[in-house]
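Presented sequentially are two complexes of subunit A, the first with subunit B as partner and the second with subunit C.
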Partner chain A sequence: MLRPKRLGIALFKTVMVAIIAIWSLLPIAMIFISSFKFDREIFAVPFRLGFTPTFSNYVALWEQWGGFFSGLVNSLIITVFATVLAVLASAIAGYAYSRNRHPVLSSSAFFLIFIRLIPPIVITLPLFPVVNQLRLNDTHLVLIILYAAFFVSLGTLVMRTFIDQIPIEIDEAAHIDGASRLQVLRRLILPLSGQGMVAVAVFVIVFSWNEYLFALIFTTANARTAPIVISEMIGAIEGVQWGVLFAATSIQLLPVLLFVILAQKQLVAGLTAGSTKG
Partner chain B sequence: MASVTISDMRKSFGKHEVIHGVDIKIADGSFVALVGPSGCGKSTLLRMIAGLEEISAGELRIGERVVNELPSKDRDIAMVFQSYALYPHLTVAENMGFSLSLKKASKAETEERVGYAARTLGLEALLDRKPKQLSGGQRQRVAMGRAIVRDPQVFLFDEPLSNLDAKLRVQMRGEIKALHRRLATTTIYVTHDQVEAMTMADEIVVLRDGRVEQAGQPMDLYDAPANIFVAGFIGSPAMNFFAATIESVDTLRLEDGTAIPFSGGEGLAKDQRVSVGIRPEHLMLAPGGAPSKITLVEPTGPETLLTLEVGHAAVTMVSRERRRFTEGEIITIAPEPDRLHLFDPETGMRLPQRQ
Partner chain C sequence: MSERKGLMGALALVAPVQAIVTLVIFIPALYVLWLSFQSSTYGQAAQFVGLANYSRVLSDPYFWRALINTAVVVLVVVHVELLLGLGMALLFASGLVARPLLLAVVLAPYAVSEVSAVVMWRFLFDPSIGIVTQALLALGLPTLEWAVFPSHGLFIVALLSIWLHLPFTFIILYAARLSVPGELYEAAAIDGASPWARFRRVTLPLLVPAMLIAMLFRYIFAFRLFSEVWLMTGGGPARQTEVLAVYLYNEAFRYNQFGTASATGWLLVIASLGLALFYLRKIYKEMFANAPA
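Coming up: the complex of A and B.
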């Protein structure tokens, strides 16, 4: 039996969680539901849950906005490679920070935090001529590198905290067993810090998949990502087709949502790394 | 297998020197225990041999090779850590075979060597388990298995039994000893437990504050400790010490006036001040001995540990007599005359005595 006071607290918690869940999920649910409605029904007041679902928006999206699907492919390529790059770089750097003590390292760790405080656009705009000069404009590569770079600092700190929890004796035992540093990293550190890598990956994936500003600056046609195409749909001359827009948004939203839900357990462990022992 | 020769080896952490020139010769195939109180530098020394800690000065040879600059993996040593340091995501078999997989050994060879180690240590049934699913003693065995699979020149152990309960510790002590007899691999074993060192080692090296106090066979250290520190460290319960003066060739007088007969004092001058060491097990009940009040009685079964008050000094005594002792009782005691240890009270060094 729960005592009344504990029961009250439990009830309060449940209600709060419910409110927060509804608050954050409602817009997503509305977009998703609306994508199956005809345009005229979408903004009908009051909002109606009961309606006959239609796939016409999705069909129209496919027929009229082929660019959206190539945008999705671009987004996918960029997200995957940016994530792999950022996670690997963070893991390697985190390993170095975790296992070495040097004044240069400690001061650069401060730099890693500091650099996060600068608005990315301040650093990025001056890059424009450089990117042009290197003929990287409108390539996947430029966004891959940019997105990855944004998360290496945070990712390194996350990975470092994570790797700090792996006892150094494990490295030492492996060195005695004949492992090089690289082998220790690949065979022991990476497998043992999987949760940290998932946490970093979530950051990069969510960001890269949704990012708009830099994609707008650095891509024009070939490497255009899905968010850019969606924004074009809003600015279309013949008036916005809300249903189609919501269909596109729903498709765009789904993979990240699924991924975050799947990675939830690892994510929580990754974000709380270092806060408790064992 | 190989001998290990340590010559004037030093270690500094920053400006702080913690190993101050250590010389140890370890014969091929022998079992050497490094003992000493906490913080004396045992682990540091072992880690220097393992190549996990840089050698600040001096020379380290394994066999004929100088290995100062060699990385761990090229020194052909294996180490068992106090924390075992098993790879948590690998099975017992993978843990033991890790070194082989790094060498890209064939599957057949790996199976054979891991199988041999598993049979030697009784781990056959556990090969597919992860370290998490093992008891402390089993983990300990896996850590040893990992070392055996390597078939190294030298085994290094850093307090491998300190995480086990008392009974298991005694059992593993025997197993490690038996293993050494069987493999005859040179072994360096760090412990702060002098009983472990006494029971297991062919030779004991006593360290204090980064210096070797004495090295020798266990019974030599017990019978003829080189100084007061070793005398107090080796043997359990610890030796009793008294200030005394030499009265004649065969009599000492303690500060409280008690006369103690002893033998082997031919080289000593009359009236010389000495520190007398008497092991608790060398005190006997003796009519006409020093009257002593029992303050604590601790029977262990085969023997009884007594804490006594002699004059104002607290003295420990181990008695094997089948007799009831009661707290508060006055007994008279005397040491075995040929079992006294005499030390120079200034330098702490053993005074020459005929045995």
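Coming up: the complex of A and C.
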């Protein structure tokens, strides 16, 4: 009696897992595989798995879309600085929120939660003329500050949750030994909250590397990021160079995909901490 | 350490974060509120016009089109994600072989940019070479013509939004499911509860808070939907697939109507606050409950 039922459940689970895997990976796999195909094989109906792989799309991307590679460099610069800025500021503030209780502090923490409700597109309206006037238009700096600004509130809350898990006795012992608050932060808290900092870094890196709206509004040539260049390639799609587009998309995607997989544990912990605690 | 000195030190530590969000987000948002009561185009002196911008926005049929599109897409996307995420969380919690590997598989779309996702889904649904189009044709089903029919365009936007954001909803629900103590299920099993009863009486009630949180965050973020629509349909054909953020972008950066764009912006802010009101109240109470006065 029991056996067929168990078999049925196992079969059901296997089918479900297969569907989930196809759903998650098919769109990614399709463009990745197709990026190694000649155009005539991309256009072959039906889709073929067996084909002669070629790097011609990557070569064409290199030769025709040099802007894509400077876009990658811009994305890298912006992502690195936005991440360092957001993680450090969040860690310092998270420490203060974790170890101190005061109505003034609670109000300012509430303010951080409130801030997350303001849609990014709203603030582009006044920032656009201001950025132009300061001649910061089309610089890395604008995007670095914007990306960090939109993640320090979440980052602070995530860091507070992680630092809450470090026993306060450690701080107290250090204070008795005469350590100042900054020394405790630098020597004890920061080294012990590495997991939290990685969690915050995952958010900022994925966001900054992929962001589209701010980059569309605030960059034109010098600071153009990789997603903007890809969107221009889609725009030129009437004479579709699908293969070259797939090559660019694969290059843009692969590093951050690997990173998300490697930092999976911290990503999950960060998502849970960031949403359940505010 | 005196309490006063302690507070000043703590405030100094939170100052960088507070300064950046105040300067970059809060003050500009207030300025948008002021702008929304002014008649202003880029490069011209502003003039107070009261609620004229709001009444212009609210009497613009394109605004209502965008509002309805946004509402439909948000409702569909968030609730489908919630159902799928819940199903996947239960499946994962029931014990799977190679679970860490599968978790990585499920998380993969989280790393994908909106731009890349649009490339992928355009390719899958391409009218002539798309693999999904071919499959639909082979099954004798109608295909998607997202460049022709607005409803098809919105459908594919919704599909790709679900794909991009399902990892978030899933993770929140899966973490909540894992934190349900196993003893509860053992007790229920001893009492002879059926699997359905265990789900209905143990799992579901304990997951409700996490479901509400996941929904709230997804409502707020789905409401900002911009890139997917902008890159997929550009709001067309004939502005029929615009959502609120695209409408705002067009008003501001295509038609130079900063007044109406600002009014739209504040309608977005108010809607976000309205959605989050209960959540804000709860957080507020919790925060000030554990703070000594």
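Following the convention adopted for this analysis, the second predicted complex is superposed on the first by the 247 of 278 C-alpha atoms of A that agree within 3 Å, B and C clash if a C-alpha of one lies under 4 Å from a C-alpha of the other, contacts with A are read in each partner's own complex, and residues count from 1 in each chain.
As a working rule, a contact is a pair of C-beta atoms (placed from the backbone, for glycine too) under 8 Å apart; a residue touches a chain by one contact, two chains touch by 3 or more.
If you're wondering where the values come from, they're calculated on a predicted model, not measured in any experiment.
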Based on the superposition on subunit A, does the combination of subunit B and subunit C result in a clash or a fit?
fit
Between subunit B (first) and subunit C (second), which does A:196 come into contact with in this model arrangement: first, second, both, or neither?
neither
Thinking of the overlay built on chain A, is A:188 touched by subunit B (first), by subunit C (second), by both, or by neither?
first
First, second, both or neither for A:172, with subunit B first and subunit C second
first
Kindly classify A:253 by the partners it touches after superposition: subunit B alone (first), subunit C alone (second), both, or neither?
second
Which partner, once the models are overlaid, touches more of subunit A's residues, subunit C or subunit B?
C
If you take every C-alpha pair with one atom in subunit B and one in subunit C, what is the shortest distance in Å after superposing?
5
Footprint overlap on subunit A, where subunit B in one structure and subunit C in the other make contact:
175
Which subunit C residues qualify as touching subunit A in the complex?
1, 3, 6-7, 9-11, 13-14, 16-18, 20-21, 24-26, 28-29, 31-32, 35, 42, 88, 91, 94, 96, 100, 102-124, 128-129, 131, 134, 163, 168, 171-172, 175, 210, 213-214, 217, 220, 223-224, 226-227, 230-231, 245, 248-249, 252-253, 258, 261-262, 265-266, 268-269, 272-273, 276, 280, 283-284, 287-288, 290-293
Okay, in this complex, where on subunit A does subunit B touch?
167, 169-170, 172-180, 183, 187-188, 191-192
If we count contacts the way the header does, which residues on subunit B are in touch with subunit A in the complex?
50-52, 71-73, 77-79, 81, 83, 85-89, 98-99, 102-103, 146, 150
In the complex, subunit A residues that touch subunit C
13, 16-17, 20-21, 23-28, 30-31, 34, 42-43, 45-47, 89-90, 92-93, 95-97, 99-106, 108-130, 145-146, 148-150, 152-153, 156, 175, 181, 185, 206, 209-213, 217, 227, 230-231, 234, 242, 245-246, 249, 252-253, 256-257, 259-261, 264, 267-268, 271-272, 275-276, 278
